[in-house]
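What follows is a set of structures for review.
Two complexes follow with chain A in common, the first pairing it with chain B and the second with chain C.
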Partner chain A sequence: MFGLEYPPIDNLVVWPDALFEGTILGFNKIALISLLAMLIPAAIFFFSKKDLVPRGLQNVAEGAVELVEKEVILPAIGPDGLRYLPLLLSVFLFVFFGNIFEVIPVFQMPANARMANPMFLALMVLVVFTFIGFKYNGAKFFTDIAWPPDVPVGLRPLVGFIELLSTFILRPFGLAVRLFANMLAGHILLVTFGVLCIAVASGWLFPLLALTFPMLVLLTGFEIFVSFLQAFVFALLTAVYIGLSLHPAH
Partner chain B sequence: MLLLLAAEAAEEAGEAASNPILPDMSEMVWGVLSFALLYALINYVLLPPILRARNDRAATIQADRDAAEAARARAVSASAEVDDQLSGVRAEAAELVDEARAEAEAERQRLVARAEREVNAMQEIADGEIEREREEAMVSLRPQVADLAADAASRVMGRSVDASAAGPAIDRVMNS
Partner chain C sequence: MSVLATIAAEAVELAQSELPAADQKGIAGAAGAGMAYGLAAIGPGIGIGYLVGQAVQAMARQPESAGTVRTNMFLGIAFTEALALIGFVVFILLKFA
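Moving on to the complex of A and B:
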């Protein structure tokens, strides 16, 4: 009706390789964002002063550290989880900076709207919590999942199967899909309103810009919040899974 | 025809490769490398100084708090000491005041006694002088009184009375 030409999904999320085309090291926009998601937090931490009274970047770095410590690790694991601070901080920062490029001009693409990074991170989390569970509980970690001791014997095979499926398949799958789907949906939403703004701006529907443009601005703000929220949720769930592996009885 | 088939095949291949659900291996490789590098940097290089700075700050704050607490305790102790000293000084001052009061009282009594003595002495002197003056007056008046008495007696009796003969009687009257 509006003569709107919506770009195919490939145009929104698939980016051609700029370097090493066709190889396993093919370097495209997502790879660049992944690199920047590593370089930017590293630069913030590196260039932040280590003064007695924090200012500027030091506030940002210490704020991130305290956020992960106080809002992720302590509630989900407890004080003995502080040894996982580097891992959980890295996860939070990498996911957040991978997400936030969704609203940065020129890039306008979250790295986590592609499945590669969420899947890799979810698999890494799977490996980490499995390793921790085995390290601190031995084979009991697996046997308690597969053959839950507090469940009536007749139900154990069924519950054990469900627990195995839940722990080793659904947890990482949920982590990856939650992040990926949220960021992809946000990206599509922003593209939709962006396209809508362009479409109505050039024709007789110009007054509609008064509705579509504020919505685009609002959604941009909302996506900044979602970028943070998804990074926080990913780090929090990682901490919860690590906590469950450390203290399986809980 | 061949071109059309090749184009279709390429399109199908393109569709398969661009399935947004499936991960792109090269993106995953860069993701793994980036995350591994970020984790290594944070774990070994970037996080320790931040934690150290934070711990130093916490230690400084704790030390300052301890120092403030110690200073407060010292102030409380000094205040108690001053209170003790003040109460001692007050007691000493009260003692001095009592002593001074007692001394003043003694001095007052001494002065009063001396004044009384002086007054008594002066009164004795005055009494003596009065007595002496009275006696002198008696002595000086006696001849005139004797003359007047002799004259009065002469007139009453109708005969002359000698003043010297009336001397004993006049002495008796004047001494009574």
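Moving on to the complex of A and C:
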């Protein structure tokens, strides 16, 4: 329709290696974005001054810390979760900067739209909350997770199987797929409207551009919001899982 | 439902016709993919609508607890939305893989 040629999916998400092509060290656009997502937050915190009255960059750094502290840790874990602030803040900032490259010109690709990044983060969260559970509750951690208090003995194998499956398999799976699918969907949405705008503009249907182009702009704004929200949700769920490992009985 | 049934019947008919095997697989995949995402979006749509509606009501009735309600709302949305997103992943797998 309208001479619309949609690019195959490989053109949208697969990037050739720029350096060390074909080896295990292959360095492509996704790796570059991931590296930047690591370096930018580090730079923000390194270059912000420690004044009493914050100005400029320090506002950004303090705002991020305060957001994770007030909106993520205190509701999800409680005051004893404040010692996990460095972990949760790094997770939040890494995911956020990996996502926000979706709308930055030249890059236009969220690093988290490839499964490797979310999967690795989710596996890290799995290791972290299992380790915390063992450290603070010992072997009781497993039985507490498997059976909520006062489950009848006859039902314990079934409940235990379901609970262990949902805790150690479905939690990391859901965490990874949520981030991955949200970013991939957003990326494909933006590409679709971009392709539509180009196709409409080059033919006799160009007045329709008045409809499609504002929509593209609106969706770009929406994707900025989604990038932030998904990073926030990822940090929040990590905090909730850590909280459940600290106090597994409830 | 009858529209869905018509699409499915058309897809089956096309898939059984004399087309090459790759085309048949593509047709069946496209029809299945569209239906997978469409069906997967119904439940979470209702769920998120209900959830956010109740959260807004709670915030309106008790503005001082808005912070807690908002955090829990995002948690609930995250869990509900996961179902729709798995549907989206199935769509991508059926359509492109």
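In this text, the second predicted complex is superposed on the first by the 247 of 250 C-alpha atoms of A that agree within 3 Å, B and C clash if a C-alpha of one lies under 4 Å from a C-alpha of the other, contacts with A are read in each partner's own complex, and residues count from 1 in each chain.
As a working rule, a residue touches a chain if its C-beta (ideal position, glycine included) is under 8 Å from a C-beta of that chain, and two chains touch if they have at least 3 such contacts.
Predicted, not measured: the structure shown is a model, and the values here were computed from it.
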Room on chain A for both chain B and chain C (clash or fit): fit
Touching partner for A:71 - first (chain B), second (chain C), both, neither: second
Touched partner set for A:233, first chain B, second chain C, both or neither: second
Which superposed partner A:61 touches (first chain B, second chain C, both, neither): first
Which of chain B and chain C A:190 touches, first, second, both or neither: neither
Which of chain B and chain C A:45 touches, first, second, both or neither: first
Chain A residues touched - chain C or chain B, whichever exceeds: B
Touching partner for A:9 - first (chain B), second (chain C), both, neither: both
First (chain B), second (chain C), both or neither touched by A:26: first
Contacts of A:174 with chain B and chain C, given as first, second, both or neither: second
Nearest Cα pair across chain B and chain C, whole Å: 6
On chain A, positions contacted by chain B and by chain C: 9, 184
Touch list for chain B against partner chain A, complex: 14, 18, 20-35, 37-39, 41-43, 45-47, 49-54, 56-57, 60
Residue ranges of chain A touching chain C (in the complex, touch as defined): 8-9, 70-72, 75-76, 174, 177-178, 180-182, 184-185, 229, 232-233, 236-237, 240
Residue ranges of chain A touching chain B (in the complex, touch as defined): 9-10, 13-14, 17, 20, 23-28, 30-31, 34-35, 37-38, 41-42, 45-46, 48, 50-52, 54, 58, 61-62, 65, 85-87, 89-90, 93-94, 111, 114-117, 119-121, 124, 184
In the complex, chain C residues that touch chain A: 67-68, 71-72, 74-75, 77-79, 81-82, 85-86, 88-89, 92, 95-96
